[in-house]
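Order of writing sets the labels: A, B, C and D. Residues in every chain begin at 1.
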Amino acid sequence: MPIKTGKQYVDNLDRARPSVWINGEKVNGKISDHIAFKGLISTQAAMYDMQWKGEYCEQMTYVSPTSGDPVGLSFLQPRSKEELIRRRIMMSLWAETHHGFLGRAPDYMNTALMAFSSASEFLSEQDPRYAENMRNYYIYCRENDITLSHAFVQPHIGRFSTFMQTLEEPVAARVIEKSEDGIVVSGAFLLATQGVTAEEILVFPPPLPSLSEEENPYAFIFAVPNNLPGIKFICRENFVIGSSRYNYPLSSQFEEMDTLVIFDRVLIPHNRVFLYGDDHMVNQFLEESCFHTQVTHQILCRTIAKTEFLLGTIEYIVKVLRLNTYAHIIEKVSEVIAVLETMKSLLLAAEDKAVTDSRGTVIPDPDIMFTANFIYPRVYPRIIEILQLIGASGLIMLPSEKDFYAEISEDINKYLRASDMDAKNKGALFRLAWEMSANSFGGRQALYERFFFGDAARVAGRLYNGYSKRDRNIDKVKKFLSST
Amino acid sequence: MPIKTGKQYVDNLDRARPSVWINGEKVNGKISDHIAFKGLISTQAAMYDMQWKGEYCEQMTYVSPTSGDPVGLSFLQPRSKEELIRRRIMMSLWAETHHGFLGRAPDYMNTALMAFSSASEFLSEQDPRYAENMRNYYIYCRENDITLSHAFVQPHIGRFSTFMQTLEEPVAARVIEKSEDGIVVSGAFLLATQGVTAEEILVFPPPLPSLSEEENPYAFIFAVPNNLPGIKFICRENFVIGSSRYNYPLSSQFEEMDTLVIFDRVLIPHNRVFLYGDDHMVNQFLEESCFHTQVTHQILCRTIAKTEFLLGTIEYIVKVLRLNTYAHIIEKVSEVIAVLETMKSLLLAAEDKAVTDSRGTVIPDPDIMFTANFIYPRVYPRIIEILQLIGASGLIMLPSEKDFYAEISEDINKYLRASDMDAKNKGALFRLAWEMSANSFGGRQALYERFFFGDAARVAGRLYNGYSKRDRNIDKVKKFLSST
Amino acid sequence: MPIKTGKQYVDNLDRARPSVWINGEKVNGKISDHIAFKGLISTQAAMYDMQWKGEYCEQMTYVSPTSGDPVGLSFLQPRSKEELIRRRIMMSLWAETHHGFLGRAPDYMNTALMAFSSASEFLSEQDPRYAENMRNYYIYCRENDITLSHAFVQPHIGRFSTFMQTLEEPVAARVIEKSEDGIVVSGAFLLATQGVTAEEILVFPPPLPSLSEEENPYAFIFAVPNNLPGIKFICRENFVIGSSRYNYPLSSQFEEMDTLVIFDRVLIPHNRVFLYGDDHMVNQFLEESCFHTQVTHQILCRTIAKTEFLLGTIEYIVKVLRLNTYAHIIEKVSEVIAVLETMKSLLLAAEDKAVTDSRGTVIPDPDIMFTANFIYPRVYPRIIEILQLIGASGLIMLPSEKDFYAEISEDINKYLRASDMDAKNKGALFRLAWEMSANSFGGRQALYERFFFGDAARVAGRLYNGYSKRDRNIDKVKKFLSST
Amino acid sequence: MPIKTGKQYVDNLDRARPSVWINGEKVNGKISDHIAFKGLISTQAAMYDMQWKGEYCEQMTYVSPTSGDPVGLSFLQPRSKEELIRRRIMMSLWAETHHGFLGRAPDYMNTALMAFSSASEFLSEQDPRYAENMRNYYIYCRENDITLSHAFVQPHIGRFSTFMQTLEEPVAARVIEKSEDGIVVSGAFLLATQGVTAEEILVFPPPLPSLSEEENPYAFIFAVPNNLPGIKFICRENFVIGSSRYNYPLSSQFEEMDTLVIFDRVLIPHNRVFLYGDDHMVNQFLEESCFHTQVTHQILCRTIAKTEFLLGTIEYIVKVLRLNTYAHIIEKVSEVIAVLETMKSLLLAAEDKAVTDSRGTVIPDPDIMFTANFIYPRVYPRIIEILQLIGASGLIMLPSEKDFYAEISEDINKYLRASDMDAKNKGALFRLAWEMSANSFGGRQALYERFFFGDAARVAGRLYNGYSKRDRNIDKVKKFLSST
C-alpha cells in the first residue's frame, strides 16, 4: 500500500493511541475527533487524497524502484535538475493546498529523510549497519507513506550553556542503557511540531559534548513510532478556538500543535538507530546530507505559496476599501510584491544553479538557499505589519458568523459592508486577515517564521560561513588595487 | 455622592441594562457577570476604590468647587504647572494599576471632557446655551463620577471619500429630525471602546461636509446615557478565553471590548447637545479645546507605565534565561530602555514647558506632546518584536494552569523549568509575555497603539502642521547663509 | 568603421569641441586633457578597446545585418532568450571593467536606442517618417559606434507643478519655431550625465501638457550631436580631486560629470526628429518600447558588478582586520551577500521568464525587472552604511600616497599597518572604501542609486501598476474564502 | 590673562610650531595660514572672542576662585542644578556658533578636565601627588584658557585583541623609561582630533593588561604641550577644498583635522603625570570622574544645535521647492522634528533629575545621558538620509561661486532658480545641504557621529550595564505575577 489515502492517514492516527496530554488531561478518544487536532488532520487527509484521486495524481507520485508502486514524490532522491523540478512541482501543489501555513506538512520530513538516506553511505564510516538501517528506514517510510515529525530542540535547562553554568546533571535526552534489543533513551525535546498528528518521530538533537565517556550518550540519531512505551506528548496551549470556518478560516484548518515530547526509558530497537556515540559524526552527517539545502527547497515552495496568499489578501483588502490611489499604500503593497518575486526568483535560480554531490544527488545552490533562509524571517514580520497597517480597524471590528443569523444582522449589513461587498463577505476577508496577523494562530506563525531555522545569528552564520564566492570577490578587489 | 466606589460603578452598569449584543446573542444577565466584561469591570472597580480607600486617596481627588466634596482628580482643569503635575501623579497611579493596557481608562474621557469644558466659552459663538450645556454636563459628570466612553469613528462605508465615490446616501450618523425635546439621530459608529462598560457616551465625529442644507446634519457634539431607547451596542469577537489569571494574566483583567454603537432614531435632549449644524465650529472646537494635547498628557502616563511593564518583562526573561552577556540581547534591551527614558523625558519636558491658553488653562507643550504621539506608534511594535525575539520558543511552549495539577506536572517541572525558577513561575512569566505579544489580546493592543490617534500620515501631519519652531529654525539657516 | 577603438573615441571627443563650461570657465583645450574628464574618458576608451583587441572581442560584438561588419553587442535587438543572454554577457563584461560605477556606460544608451528602434513601427501611427528616422538613426549609431548621452530632466522651475503654481511662462524646453530645415528648440535640461563625454545626445523629456495649441511644443523626441550651434553644457562641481590612482582609486577613473545642457534656438534637422507635437504619443512610446524593462537588464548587470565589488571590499576589510568572528559583523556581511545573491537570481529569473512582444522583441520579465528597480535604491544605501560601520575609523585616518615617500613613512608603516598587511596596501584598501562611502564621489553615487529611476513613489508605482499577477493572487483568496 | 582672546589663541598656535605633517610635507609656515587649518582656527578664534566682547560675555565666564579673574564657564565644576544650567547655556552659545559641527570645540575638553579634576581625590589612593598634579593642571588650564585636545585611540595593530593574535610586541604607546625628570613614552594614537589646533594634549588610553611587570607600562594618564621634543602629528587627507564660503560653507569654517600623534621617546615631566602603572586605577578613574556623563552634557548641547540646523536646512528646502503638501515629505520632516524635540527633552530631563556625587559635584542623570548617547548615532544617519531624499538632484547639480560671475550666469539664473528664490541663493542653500550630506566633510561627520563614543555595542553596553531602574521594573512584574 505505498501511497496512503486520507482515510488511512486518519485511521492510522486514531489506531496508534500515543500518550497525549493537553491542558492537564489525557486524550482518551480518537485524536481525529479532538478540536485541537481535527481541522489539521482533515487538511492533511485531503492532501494525502491528492496523491490518488483528482487531477494531480501524476504530479504527486513516482514509481517506486523497489515495489514498482506509486510512491510520494517528496521521497524522490533527485539525480537531475529535472527531478529537482518535479519535486518542486509536487511540493508546490501541496503548499497551495495549505497556503504555506503548515510548517511541517509531510513533504518536509519526507525531504529530510530523503536527504539523510542519500548520504547514508557516510554513516558506514562509523558502522555499515547504520547506513543500512538508514536506507531501510527510508524505504519503509516511502513504501508505507509514513507521516513523520521530528524532535531536536533541547529543553532550555538541558542545553550546554546552561549545563556549564549550573554544573548540574543535564536533563537533555541521552542514552542511559544499552541492551541486546537496542538503546534506552530518557529525556525530552521541546517543540515537536505535529508530534501528535504524525505516525513516527525522527530524533536528531545537536549533541552535547561528551565529558569523559568513550561513547557520548548525547550523540544519536534514531526514529521510532509515536506510541512506543515511555513516549509521552504534552501539548502547549491549544489555539483552535472553534471549528467555524467562517470565524476561524485558518486555525480551524491549519493549526499545527507543538508538543513537549518526553522519552522515559524508551527502548529504541537497533535497526532504528542511525548513529550513536560520536558527536562529531552526528554533526558531520547533517552537513554531508545537505539537510538544510534540501529542506529549504521544500520551505521555499511553502513560503512562496504563503507570500502569494498574504499578498492576495492584502490586495483584496486594498481593492475592497478602494485604497489603490494612496502612494503609501502602493509603496507598502509593492514591498510585498517585491518579496514574492524575490522568493520566486531565488527558487528558480537555485534550481538552475543546482550542483551534484559526490553521491550523485542534485542539490539546489546552497548560497541561494541560505540567502532565502536569511531573508524570509526578516521580511515575514514586515508583511504582517503591512497587513496590520492596511487592514487597520477592520482587523478589530470583527463580526462573527452568528451575528449574521441574529436580529442584528440587518444593522451589521448596513454598517459593516463595503461599497461593493456585503458585510458577510467583508467580515470573512477581515477575519482571514485577523488570523494571519493578530490572534494566537497568527502570533505563533510569526514566531515560527522568525525562528524556523534558528535565531538570526545562526541563520546568518550558515550563509556567511558557507559562502562559496568569498575569495572570488576579494580577488576582484585585490586585482583592482594592484592595477592602481 | 461625588466619587464613586467600585461597587457603585458595578451596580450602575448592572442597573443600566443597555442593549448589548455579542456573538449573535443579546446580553440579558448582568453585564458584570459576562465573561467578556467581568475582568475589566472588576479592574475598573478596583481603580474607583483607590479614590476612597487605601494609601492613594489624597492623590486621587480634589475638592469640588461646586459641592465641596472630593471629586476625581482627572476632572481638574489645570490652572498652573503644579496642577498639571497633580494630574500626572493621579493618572500615573491609575496607569500603574492597569500597566497601561487600558486605552480607555476613565481618566482618558475625564480629561477629554475637562478640555472641552475649559473651552466651553468658544461654543457661545454659536449659541450661549451650548456653552452652558457643556459646563453643566462637565459638572454633572464630575459630581457623579460618571464613566464615559466616546464615539467618533465613521463606518468605512459612511466616510466622505467613499460617499463621494458612490454618490449614495451616506450611512454616517446624522440628525434626521429636530423637535421641541431635542434632536433625533440615526447612524452608527465603529470602535466605541468600552462602550458597554461605561455609563454615558460622548459623541463627536468629524463632520461630513454639508452639501446643500443650511444646517449640516452631520455636524454635532452631544452626550447621552448608554441605555437610551434606540441605542444598541454590537460587540466584536470576544478575546477573553478564560478567567484563569495564571493562563490569561492580561486578558482576564484588562480586555476592553470595542463595539459598533448604533443610533436608531435616538432622541438627544437639548441640554445634552453642545454643538449642532456647523461643521466648521465642530472642527474648530477640537482645536480650541486643545483636546489632543490634554489627552496626550494622560496617554503619556499610560504609555510610560506600559513601557515600564514591557521592559520589566523583557528584563525578567533575560534574567531567568541568563541572556545578559549576549551583545545582541544587550542592544535590544537597550532599545527598550531608550524608549522608556525618552517617553519619561518628553512628559517631564512637556510639563516644564507648559503654556497657558487665553482662558487660563495650562496646556503641556504641544510640540512635545505631538512628538510623543508620533513616536509611540513606531516604537511600540518594535518593543513587541524585541519581546518575541528574546522570548522565542518560550512564547510557544506554554503550559497551562491545569498541567501543574495533573499527572504530568512532574515532567513539566523537570523539563520546563529554568536554572533558578520552577516551571510554574517560568510558565507564568512566559504566558504574560505571550499575551503581550502573540495572542488576540496582544494583537489588538498592537493595532490599538498603531492607530491610537489615526494613521501615520495623520499623526505626522498634526506634528508637522502645528510645529511652532519652523521659522526660528529656518531663520538660523538664513542668517548663516547670509553671513557667508 | 563600425566598432570604435579607444583612440577613435578620444579623438572624436577632442575634435568635436562642444561648448562646455566648468567652474565659470569655458573649456578651451582638449576635453580629454581636462582633469574633470580625462580619467573617465580613459576608462571608456579602454572599454571600447575591449571590442577589437584582447580576449573578449567575440563576446563584445556581432555581425551587422546592414554592413556585415562587427558592431557593438549592446545594439543587438534580442529575438530569442539566447540573444538576451548574449547581451547580458557583453554588458557584464563592461560592468566588470568599471565595477558598476558608471551609470551611463555606453551600453546604457545603446540599449535605450535599441528599445526605441525595436518599437519604431509604433511611431508610424503619427507619421511614417518618424519611424524611418528612428530606424535610420539607430543604424547610424550602431554602424558608427556613436557614444550617446540623454537629456530628459526638466529644470525644477520648468516642471508642470511649479508652472501651475506660478502661472508664469515655463522655462521647460520647447519648440519655438518650425522651418523647412527642422524644428528650433530652446530650453534646458538638468542632469545630462556624461553629456560632455558622449558624442550625441538623445532628448526625450516627459512632455508638459499643452494648453491651447494644436501642436504641443513641449512634446518631442529627437537626437543631435553635442556640438550643434546653440548647445551649451554647464558642469556641476567637479569631484575629481587628483589623478593619483592610489589616492583616488575611483574618482580618478569613474567620475561621470553631470551637466546642465542648454538649448538656445538650436535647429534640429527633420531627419533627427522622432516624434513631435503629441504628448500622448510621446508617453505611449516609452511604454511601447519597453524602455524601462530593457535598460533594467543593463542596470542589473551593472548593479551586480557593483555589489560584488562592494562585497569584496567589505570582505577584504573583515579579513584584514580579522573581524570574522564577531556575530554582528557576520550578520552585516550576510546582508550584503543576500543582496548580491538576490540581484543575481532576479537577473537569471527575468531572462528565464522573458516574454516576446508583438514585434518579436524579447523582453526580460517586467514584474521581476521592476522588482529589481524597487529593491536596489533601498539596499544600496544600507550596503554603504555597512561599509561605514565595518570600516569605522579606518575610513577617516587616511594616509596619502606622498606620505609613503616622505620622512614619516616609517612611522606610518609602523602604526598604520595591519597584522598581515603593510600600511600602504591597507591605506589603498581604505581609500577605496572611503571613496565608496564617504567623499563626494561616494556621495554622488548614493544619490544616483537612490534616484536612478525616479523617487521611491514613482518606482513603487511602476511595479505596482504594472504587476501582472494581481488578479491571480486575489482569486486564490476568493476561492479559499468561498470554500469556507 | 585668564580668558583668551581670539588673537591670543591664534598667536599661541603660530608660536608653538609643533611638528605637523600633511600630505607628505612638513608644515613650516604658520599653522593659521595653512588652508587645512585656517578656517577652523578662525572659527575658534571668534568663539574665544565671545568671552570678552559682544553680548554674551557674562554668560560665557565666571569668576575664578583662585585669581578672581573671569574664566571660561565650561571649566566650572557644578555644585548645583543652577550651575549645571549655567554650563548648558554657555555651551549652547558656543554650539550655536559652529552649529554643532565641531566635535572637539574647546568646551568638550574643558568639561573632561573639569570632570577629572572634580574626582582628583580618588587619585590619592594611588599617590597624593597625582591628585595634586591633576588639580594644579586643571587650575593651570582654566587660568590660562588652554585649548586642549586628547589622545586615547590605540592604533589597530596596537590593540590587545590583535596583540594576542600575533604575539608580537605591541606598538601601543607605553612608558619605556623612568627618570628623575619624568617618564619617557613611546608609541602612537589614532584620531587625535584637533591635535594641531590645540595647545596641549591630554592622554588617557584604555590600558592594555600587564603581563608580567609590576608596573603596567601601558597604564597612564598625563598631559603635555603639543610641541615637546619627540611629538609628531601626521594629518589624514585634508578635506578643505577651498576657502570660498559660498562654495564650501561648512568645510571652509568647521573642518576639524584628525591626526595620528606619535610619541618618540617623549619625556613627560612628573608634575604632568596623573596616574601611572595601575590599569585598574586608570579604568576606575574614568568611572569615578563621571567623564561620560559630564561630557554628554556638552555633547547634547552640540547635537541639539546641529539637529536644529539640519532641520532648518531641510525645512528651508521644503519651503523653497514647495514640497509641504506631500504626505511622504511631511512624514520625513516630522521624523527630524521628533528627533530634535526628543534630544531637547532629554537634556532638560537630565538636568532636572541630576544627582550629586560623593564629592559634591552635580551630575546630569546618567540613565538619560546614556540614552542620548544610544539614540543619536542611530538617528543622525537617518536625518542625513532624509536630507538626501528631500534634496535629491538639487544636491548634485551644484553651481559654483564663479559661475555667477561668468558669461553663463544668465543661463544659470534662468534655469537653476526656484519660484521664489534666485539661483545664487538656491545654490548656496543646496551647497550647504551637499556639504552636510554628500561630500568628504559630510562623510566624516557621519562617521564621527556613528562612532562618537565607540561602536554600537559599546554604547549599548554602557546604557544597559549602568541602568539604575532594572530591579524596580522587574519587581513590578514580579508583584503583578504574584498577585495572579
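We take it that a contact is a pair of C-beta atoms (placed from the backbone, for glycine too) under 8 Å apart; a residue touches a chain by one contact, two chains touch by 3 or more.
Keep in mind the model is a prediction, meaning the values are calculated, not measured.
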_Just to be sure I understand the contacts, which chains border both subunit B and subunit A?_
C, D
*What chains do subunit C and subunit D have as common neighbours?*
A, B
*Interface overlap for subunit B and subunit D, more than half of numbers shared or less than half: same or different?*
same
_For subunit B versus subunit D, what separation do you get between their C-alpha means, in angstrom?_
44
*How many angstrom between the C-alpha centroids of subunit D and subunit A?*
52
*For subunit C, which residues are shared contacts with two or more other chains?*
327-328, 456-457
*In the complex of these two chains, what residues of subunit D are touching subunit B?*
96, 99, 245-246, 249, 308-309, 311-313, 315-316, 319, 324, 327, 330-331, 333-335, 337-338, 341-342, 344-346, 348-350, 352-353, 367-368, 371, 374-375, 425, 428-429, 432, 456-457, 460-461, 463-465, 467, 470, 473-478, 480-481, 484
*Over in the complex, which subunit B residues touch subunit C? Could you list them?*
327-328
*asked:* With touch defined as at the start, can you tell me which subunit B residues reach subunit A in the complex?
replied: 21, 23-26, 153, 155-158, 161-162, 165-166, 171, 188, 190-191, 232, 234, 236-237, 241, 247, 258, 260, 262, 321-322, 328, 381, 385, 388-389, 392-408, 411-412, 414-419, 434, 437-440, 442-444, 446-448, 450-451, 455-457
